[in-house]
Amino acid sequence: MENLLEVKNLKVEFFSNKSLVPVIDGATFFIKKDEILVLAGESGSGKTLTALSITKILPNSAIITAGSAKFMGVDLLTMDEKALTDIRGREIAYIFQEPTSYLNPVFTVGIQITEVIMLHQNKNKLDAFNEAKELLSLVKIKDPQRVLSSYPHQLSGGMNQRVFLAMALACKPKLLIADEPTTALDVTIEAQILQLLLDLKKTMGFSLLFITHNLSIAKKIADRICVMCKGKIVEEGSVDKIFDAPEHFHTRELINAYEKIGKL
Amino acid sequence: MITYIFRRLFGLLPMLFGITLISFMVIKLAPGKPVMLQYSLNPKISLDEIKRLEKIEGFDKPLYVQYFNWLGNLSRFNFGRSISDGRFVMDKIVERLPVTLSINILSLFLIFLIAVPWGIRSALKQGSTFDRVSTLVMFLLFAAPTFWLALLLMQLFCIQFGWLPISGITSLDFEHFNWWQKVFDIGRHLFLPVLVSGLAGFAGICRYMRSNMIEALQQPYIYTARAKGLSENKIIYKHALRNALLPIVTILGLSLPGLLGGSIIFESIFAIPGIGRLFYEAAMMRDINLIMAEIILVAVLTMLGNLIADVLYAYVDPRIRYKK
Amino acid sequence: MQNKSLNIGILIIGFLTIIAILAPLVSPFDPSVIDQDSLLMPPSLKHFLGTDTLGRDLFSRIVFGARISLGIGLVAVGIATLVGLILGAAAGFYGGRIDGLIMRFVDIMLCFPTFYLILAVAAILGPSIFNIMIIVGLTSWMGVARLVRGEILSLKEREFIQAEKSIGASNLRIIIRHLIPNAIGPVLVSATLGIGGAILLESGLSFLGLGVQPPTPSWGNILIESKSTLGVAWWITVFPGLAILTTILGFNLIAEGLKKKLGG
């Protein structure tokens, strides 16, 4: 099978007191078509920055100093801004950790979803709204009409994550990047959202880059796992290989942490 | 929303009471007898006359009775007569109010029109020469006394260059002008007063807008907007700007006391017949009724300004409008 | 990192304070001596900053004016800080009805545009340096009160206060020993800004003739003359204003620097 995304030797550095501090130091990994790759690691290991670097939506103080990210054979990191905006949201979409703060508080859910539809699919407002309604039904929201005219703060965290998912999938992306999408939610909602994500993946057929610090989730959903530590990918392999024969001591630490939680 | 407005309006009643109470205490601060204070300019007045006047004005009664009598008069908008010309205080204020309000509203409008885009530009080009120079200028403007700026500008524009008239709001031959000439004439007269009354507020709003915009651009939802593939312009002028502009509405109400206070000084300097100058004249003549009426008026205006700002803010910010 | 604004601010204010203290030594002329032979002289070697309409040396008048302005600023802010500290601490510590009453009072006081209130009281009590100090002080304590209340409300919940309470320390002891010292930082910043504000108010009041009365020189009342000498003697307008500007700039810089220092 051909690789959808190939990240090679990615290096990201932060400006701090007029000098550069590397945060991601030569990360290399790939995602195949239709695959679920889990990027696991402790908080602060550089997972989120890796995800943001792929389409270059980093904070101002961070710059990519080396590496490539080939998406369907084309390097995104050398692409100009105009071409990138065409990929973001259409070919590669994101969902984030705290949906409520990642949605704009002063616009209705409807405006925020239709915005991306109108941008990438050249649809008028009415069509976009109808499509948004369908999308909300797709993510199992029972009263799409009400949700569309609501503001994010009026909805629960779980509901907002569904909204976010609908917004991300609006243009049928080939790659969905999910950055700890369930960490801020409670356990039952977490299970629902994960199930929804797996179901949608089956019907829509996108690849999924799932970022988490929680190996129990990784075990449940992953095809393959990459373990990240201090800005590097330290281990990569199938779920069985990672859990049965971890090579790197950091992987063992993560597994230990997961087993402790399991025993509780 | 409507219940919110009503609740707020109801909350104003104790405030109103407090305002009148403090104003009343200010009058009673005066050492000696109030009648003496008012008629001290008249040396021929006799002691019997003073006693008689005290009775008429009720100054022989206990303080709380005086207060409630006074309050009763206020509730009928009767603030008494001015000692300088014997006219009703209310009439004098009402004829002067439009000038002050229109200058302040005009300068507030101009402040926003210029300060908001200026602050945004500063925020977007953070650290650039434009940003650094403007930060320095704002800091200087913040520290400069308005009346001094007024004097400098007068020196420059009215005397050195002779471009603008030095005082008043119309020229002597105003009557003979056609419509366009009249507008132009008033514009020439009001240019400096509006400029001066706006300068201090301008610096404040520029700085405020800059920091709001910088903060908004660091919020998580900006990453979302970027991840959606929106253009940089859409991200800045739709997603960030809306959030950065909301709190500015509150500033509208909060800048009112400053503007009204500033009116005293620039109306005196530029000889503009507004309530600021009226108040200054009243203070110089110790025209107690006029002083009190104006103090209460500006306090109530400020109170209403705050209320309008709060209600407006609640209206524009959906997080408050639709409280769960 | 060096705190540039704090250093520059302290330099400016230190310099002005020394000049104010040493005024009789620094000034070449008696500030109130009238010299018929040198009316409205432009700046020269003899009169650095020129002379006024009565032939008095402007430099000496500004130097002596520094005493008045700085003095009024300090005393007025002292009064305002004391009142604000007491009322704010009481409101924050006792809460409930006392808090409600005090904060209502603050709201009401904030409705009066300060300049109107000050002008009214100055008109009724009669202008004198002593009265101005008190009036400015009593009309500008509200910010401090709000600040102290807020600080104390958040400190009150912290552990060390709770511990102190549990061992039965008296309220006054807790307020004086713990709450106020902890709230003092932000109060210091606002007091420093307040001195600039008070000097600005005093100069405006004196400029209108209801503040410091001639022949005592103050920066505000020197400027009264500038209205009549506008086209004739620019120095009378420029220099006293520059003195006010520099002083306020100095205090604002110190406040900015303190804020930076306390903030991180």
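By written order: A, B and C. Residues from 1 in each chain.
Note that contacts are C-beta pairs under 8 Å (C-beta built on N, C-alpha and C of every residue); 3 or more make two chains touch, one makes a residue touch a chain.
On a predicted model such as this, the values are computed, not experimentally measured, just so you know.
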Message: Applying the touch definition from the top, give me the chains sitting in contact with each of chain A and chain C.
response: B
- request: Please flag the chain sitting at the greatest distance from chain A, going by CA centroids.
  value: C
Query: Any idea whether B-C or A-B has more C-beta pairs in contact?
result: B-C
Query: Centre to centre, by mean C-alpha position, how many angstrom separate chain A and chain C?
result: 55
Message: With centres defined as the mean C-alpha position, give me the chain B-chain C separation in Å.
response: 22
Message: On a C-alpha centroid basis, what's the spacing between chain A and chain B, in Å?
response: 51
Residue numbers on chain A that touch chain B, as the complex places them: 52, 55, 57, 59, 81, 84-90, 93-94, 96, 98, 101-108, 115-116, 119-120, 151, 153-154, 167
Chain C-touching residues of chain B, taken from the complex the two chains share: 14-15, 18-19, 22, 26-27, 29-31, 37, 139-140, 142-148, 151-152, 154-155, 158-160, 256-258, 260-262, 264-265, 268-269, 279-280, 282-284, 286, 288, 291-292, 294-295, 298-300, 302-303, 306
Field: chain B - residues contacting chain A, complex
entry: 218-221, 223-232, 239, 242-243, 246, 317-319, 322, 324
Message: Can you tell me which positions in chain C touch chain B when the two form their complex?
response: 104-105, 107-117, 119-125, 196, 200, 203-204, 207-210, 223, 226-227, 230-231, 234, 237-238, 240-241, 244-245, 248-249, 252
